[in-house]
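Heads up, there are several structures right after this.
One chain, chain A, appears in both complexes that follow, with chain B as partner in the first and chain C in the second.
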Partner chain A sequence: MLLFVEQLVNGCALGSLYALFAVGFGLVFATLGILNAAHGTYASWAAIAALAAVQHLGAPFPLAVAAGVVAGGLLALLVDQIAFQPLRGRGGPAKEGGMLGALITSIAFWIMLDSLAGFATGQQSLNFPADSYPARMLHLGALPLPSMQLVTIAAMLLATAGIHALVRHSRFGAAMRAVGWNGAAAALGGVNPRVVIVVTAFLAGATSGLAGVLGGISTQNVSFTLGEGLMLKGFAAVVVGGYDDVRGAAIAGVALGILEVMSAQYLSTSLRDGITYALLLGFLLLRPRGLFGRAAFLRA
Partner chain B sequence: MLADLWAAYQSSVGFAMVNVFFALSTYAVLSAGVLSFASVSYAAFGGFIGAQLVLNTGISPLLALPVSAVAGALLAYAVALLFLRLDGHWMALASLALVLMTRVVVLNAPTLTGGVNGLSLPVDLSLATLTVLLLLLMLVFHRLSGSWYGIAVRAVREDPAVAASLGMPARRLQTIAFVISGAVGGAGGMLLAAMLQFISPDTYFINIAFTMIAAVVLGGSYHWAGAVAGAFVFTALPVVMQAVLPQIQDVANGAALLAIMVFLPRGLIDPRAWRLRHAR
Partner chain C sequence: MHMLRAALAAGMLATAPAWADGLAAGTYKIGFITENTGPIAFAGLSYDHGAQLAAAEISASGYMGAGTGLALVEKESASEPARAIQDMHQFIADRTVLATSCCILSGVVKSLTPIVLGAKIPLVVFGATAPGLPHPPLIYSVTILPGPKDTATAQRAADIIKPKTAAWFVAADNDAFKARMAAAQQAVEAMGVKTAGVVSVLSSDTDFTAPATQAMGLSPDMILIYTTQTPAEGIITALRSRGYDHPIVGNDVLSPQSVVQKMGKTVAGVPFPISFSAALAQTPEAKKFVGDYTARFGAAPDIYSAQGYAAVYMIAQAMKSLSGTPTRETLAAALAEVKQIDHNVYGGEIVTDGQAATQGTLIVAWQPDGTLAPWPAP
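Up next is the complex of A and B:
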């Protein structure tokens, strides 16, 4: 029983990383209509930036996380302005909505940023020094709780709640949803799409960066493979949870993490990915709009 | 000099031709207005079935090719039945998920696929054969683009509602597009297996999915010739970059891709630009 609870906490912590990643990915997909293949590299670069802050500036843990988050956000902003901005408003019929072009430019940035991350870490996987993050073990009765896992879960809950509140319950969130629905119509309604786009890109990069820094610490791996691993699972979480609702993506991410840890513990390691993707397929067929999705009505 | 150059880059030309198959497979559905990465799955299915057929019966890979194509087409038909009810964005996500699942299935079905170790396929595929096959395929796409199907499918892509009101069955046309995509993709998977002489779960994965979609969009997604040109350019790009800028070849690659997309958003081959020029 103790083992079960322990693994449950492990799964929640791992799933929180997927959830954070999925929230950012879904935000870009829903608001900007971009399938961003470069989203994983933000996480890698944020981890690298946080590590640099620790090693060269001796930054304490909260500042290092902040450095990573800001780095992820700024990188996302840069990529958006270079790769996606020139494509907006031209090319393709409305249905594909320039998504194709943006997909290709995001692949271009994915290739470049991955390769540059390889140079930055000297083609190897680096570690955060052991004294640079909270490594203490807390005890709840007989249950050991690594404080890093608690930090990860708390960060995920805070970020998800914050973004959900922003998207659903603020004027700016309404503007974001309006731009996601139809940029031109939103502009007619007095929304400045440029501002919405810039803020959304930054937010998405920042959440991905948060996942990257926390993931880099807890998996002891700071390299370009960090973002790639997050990308595949985070993507699965987006499909299961639905991209138009932050809560869905977060819950799906945590569930995937738990499922992954549990199936490795009680079933077999080789089946781990199989179960994840079987679930993915099941959701696509039975509930194709995600956990919180609703049927959309669209008049031609 | 020229002979040396040919010897050095012969295999790249072969891979470019195989990539044309993949690009045309993606183009087939894209021309019906559906962005799908599932061509990778058709390729894996066709590739492994064809490889097993060659290994077990010893027939020539050319005879296995139609079987691969049929296998790919059947899988594509199933995918179309399941996925076409999703709308555009979801369809793209779902097909990408299908690619991820394909790798897991391949890993866990070792009797058909050799599992982690993969399959080695000691066959020889000459460049001349490949060229003939490619020309045949291009002829098929050329004939298709002028046919009733080609015109109807273009209408569905531009505006499904208008196409439907003109009596074009959008869903059925898209299903046909999927089947064509599956057949071409399955055959491409088999040809890739014969080119590489070795296939493993990683042969048919994300990188190939992005290769095909990038080739199509780069070349121009409004004409089948765009897919052909794009596949050649996209295969040549890394080879050229490696020769010119070996240190930063990946970065140069990405930058070139970015520049082409930003300055030629409709791709290298764009029928609309031709028509506009003629209209002047």
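Up next is the complex of A and C:
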């Protein structure tokens, strides 16, 4: 029983990383209409920036996380303005049928940013110094609880709640949803779509950056492979949870993490990813809008 | 007429020594497929640097003969079979490329094998670890096969630690590691050690908290790891951070200096077999290799560097035995005659059926201060 509970906590922590990533990924898709293949690189670069802040500036844990989050956001903003904004100027990336062009552009940026991340880390898998993050092992009775797992779960809950409140219960969130639905109509209603796009891109990159920094610390792996791992699972979480609801993406991300850990523990590691993607396929076939998505919100 | 024939014969005899005495002067090209990007670029860079140093040394010293040199023509594959095949086709098309060298992954070598055999271009494999890759006279391997050394290390660890049970980590998507683990497991079980369980991970995994929890749930007296470098590092870190304080046995992927630089004390005391270590270099060749490599690349060489270095020296040794202008065919025949690599950093490297090997198994462990020492401590 103890082993089951331990693995449940492990699954929640791993799933929280998927969830954080999925929230950012879903935000871009729902608001900007872009299936952004470069999204994983924001997580890698955020982890690299946070590590640089620790190694070169001696930044404490909160500041290092902040540096990574800001770096992820700025990179996302930069990519959006360089790669996707020109496409919008030619008739819009997604809303007017330009999804394929945006996807191809994002793949190009994915490859470029991944390669640059490889060079930035010397093609090595780097790690955060042990004294630069909360590394203590806590105990709840016989249950060991690594501090970083608790930090990761808490960060996911806070980020998800905050972004959900922003999207659903604020004027800016209403503007985001309006632009996501129809940019031209939103502009006629007094919304500045450019501002919404810029803020959304930054927010999505920052959220993925948070996943990257926490993932880089938890897994002791700061390299270009960090974002690639999150990308596939994050995409699955968005599909399962629903494109336009951050709660769905978060819940699906955590569920995927638990499913992954439990299937490795009780079934087989070889089947682990197969089970994840079978679930993804099942949702695409049977409930393409995901757990929480609205029926009207279908981009594919 | 007789006079003319005699004059011609005399002329031919007069010019013959220019090529019969040794390799014709010139710089010869080796096609080198690099893996400096992609998932195992951390090792690919080391192989490449080792090869570059060997080529520079050979050219500077005239190892193959006066006025001769080697030039590496590098093409990147990122460890992808398709790109490696494309690179090989380009080398084959360039008739100035006499031989090729490649590959960390056994699967990539297997993809290239029919192409290489068909085109009759020599290939020396520098890193792939699966047995049976060589196909003399065209394909050779200087990789020091880790399987027998893994088994010897596991047996030695079982003999010293005397565990009742052992748990095994294996990369489930890597046939070579699966075979290495199976052989070691069989040997250790034959010593009376019971297998508590086998925990499978994938080479692309990055989070090892759950597998570590799974292994600790088996309560083994000893854990042995048969995975590639990144998972091995992650598993050891996860086990130690969760409080596993029993012995852990690793494999040769823990040997690069970058591992201890990254993991610090976490990896200290974990034994693993090694064929070459900069810290334990004994022979003059090895010491010179360490010094020159460090001066040139700013970091100490590792086992991968040593194997890249050996690949180029094996080709150079075969070239050295030729006279006149070499061809791919004559070079292949000369490679088949190489029974030991004369210039090596291991203190001896024999070649049997196209496969290089070293004698004995040196078992070492990183120390808390970042140095390498024999295991167990004398």
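The rule is simple: the second predicted complex is superposed on the first by the 288 of 300 C-alpha atoms of A that agree within 3 Å, B and C clash if a C-alpha of one lies under 4 Å from a C-alpha of the other, contacts with A are read in each partner's own complex, and residues count from 1 in each chain.
By our rule, contacts are C-beta pairs under 8 Å (C-beta built on N, C-alpha and C of every residue); 3 or more make two chains touch, one makes a residue touch a chain.
Nothing here was measured: the structure is a model prediction, and the numbers come from that model.
Student: In the overlaid three-chain picture, which partner chain does A:218 touch, first (chain B) or second (chain C), both, or neither?
Tutor: Touch partner of A:218: chain C, not chain B.
Student: Taking the superposition as given, does A:115 touch the first partner, chain B, the second, chain C, both, or neither?
Tutor: both
Student: Could you tell me if A:135 is touching chain B, chain C, both of them or neither one (first, second, both, neither)?
Tutor: A:135 sits against chain C, while chain B stays out of touch.
Student: Between chain C and chain B, which one touches more residues of chain A when both complexes sit on the common chain A?
Tutor: Looking at chain A, the partner in contact with more of its residues is B.
Student: Contacts for A:289 in the overlay, against chain B (first) and chain C (second): which applies, first, second, both or neither?
Tutor: First partner only.
Student: By the touch definition at the top of the document, which applies to A:123: first (chain B), second (chain C), both, or neither?
Tutor: In the superposition, A:123 contacts chain C only.
Student: In the overlaid three-chain picture, which partner chain does A:103 touch, first (chain B) or second (chain C), both, or neither?
Tutor: So A:103 only meets chain B here.
Student: For A:33, decide between first (touching chain B), second (touching chain C), both and neither.
Tutor: A:33 sits against chain B, while chain C stays out of touch.
Student: Which partner chains sit in contact with A:83 here, chain B, chain C, both or neither? Use first/second/both/neither.
Tutor: Touch partner of A:83: chain B, not chain C.
Student: Quick one: classify A:235 as touching chain B (first), chain C (second), both or neither.
Tutor: In the superposition, A:235 touches chain B alone.
Student: Looking at chain A, which of its residues have contacts with both chain B and chain C?
Tutor: 115, 270, 273
Student: With touch defined as at the start, can you tell me which chain C residues reach chain A in the complex?
Tutor: 36-37, 39, 41-42, 44-45, 172-173, 199-202, 204-211, 213-214, 217, 229-230, 233-234, 237, 241-243, 258, 262-264
Student: In their shared complex, at which residues does chain A touch chain B?
Tutor: For this pair, the touching residues of chain A are 29, 33, 35, 37, 82-83, 86-87, 90-93, 95-96, 98-101, 103-105, 107-112, 114-116, 232, 235-236, 238-239, 243, 270-271, 273-274, 277-278, 280-281, 284-285, 288-289, 296, 300.
Student: So in the complex, which bits of chain A are touching chain C?
Tutor: Listed in rising order, the residues are 3, 6-7, 10-11, 13-14, 17, 115, 118, 122-127, 130, 135, 137, 144, 146, 149, 215, 218-221, 225-226, 229, 260-261, 264-265, 268-270, 272-273.
Student: For the complex, give me every residue of chain B touching chain A.
Tutor: Touch list, chain B to chain A: 30, 33, 35, 82-83, 85-90, 92-94, 96-98, 100-101, 104-105, 107-108, 157-161, 210, 213-214, 217-218, 221, 248, 250-251, 253-255, 257-258, 261-262, 265-266.
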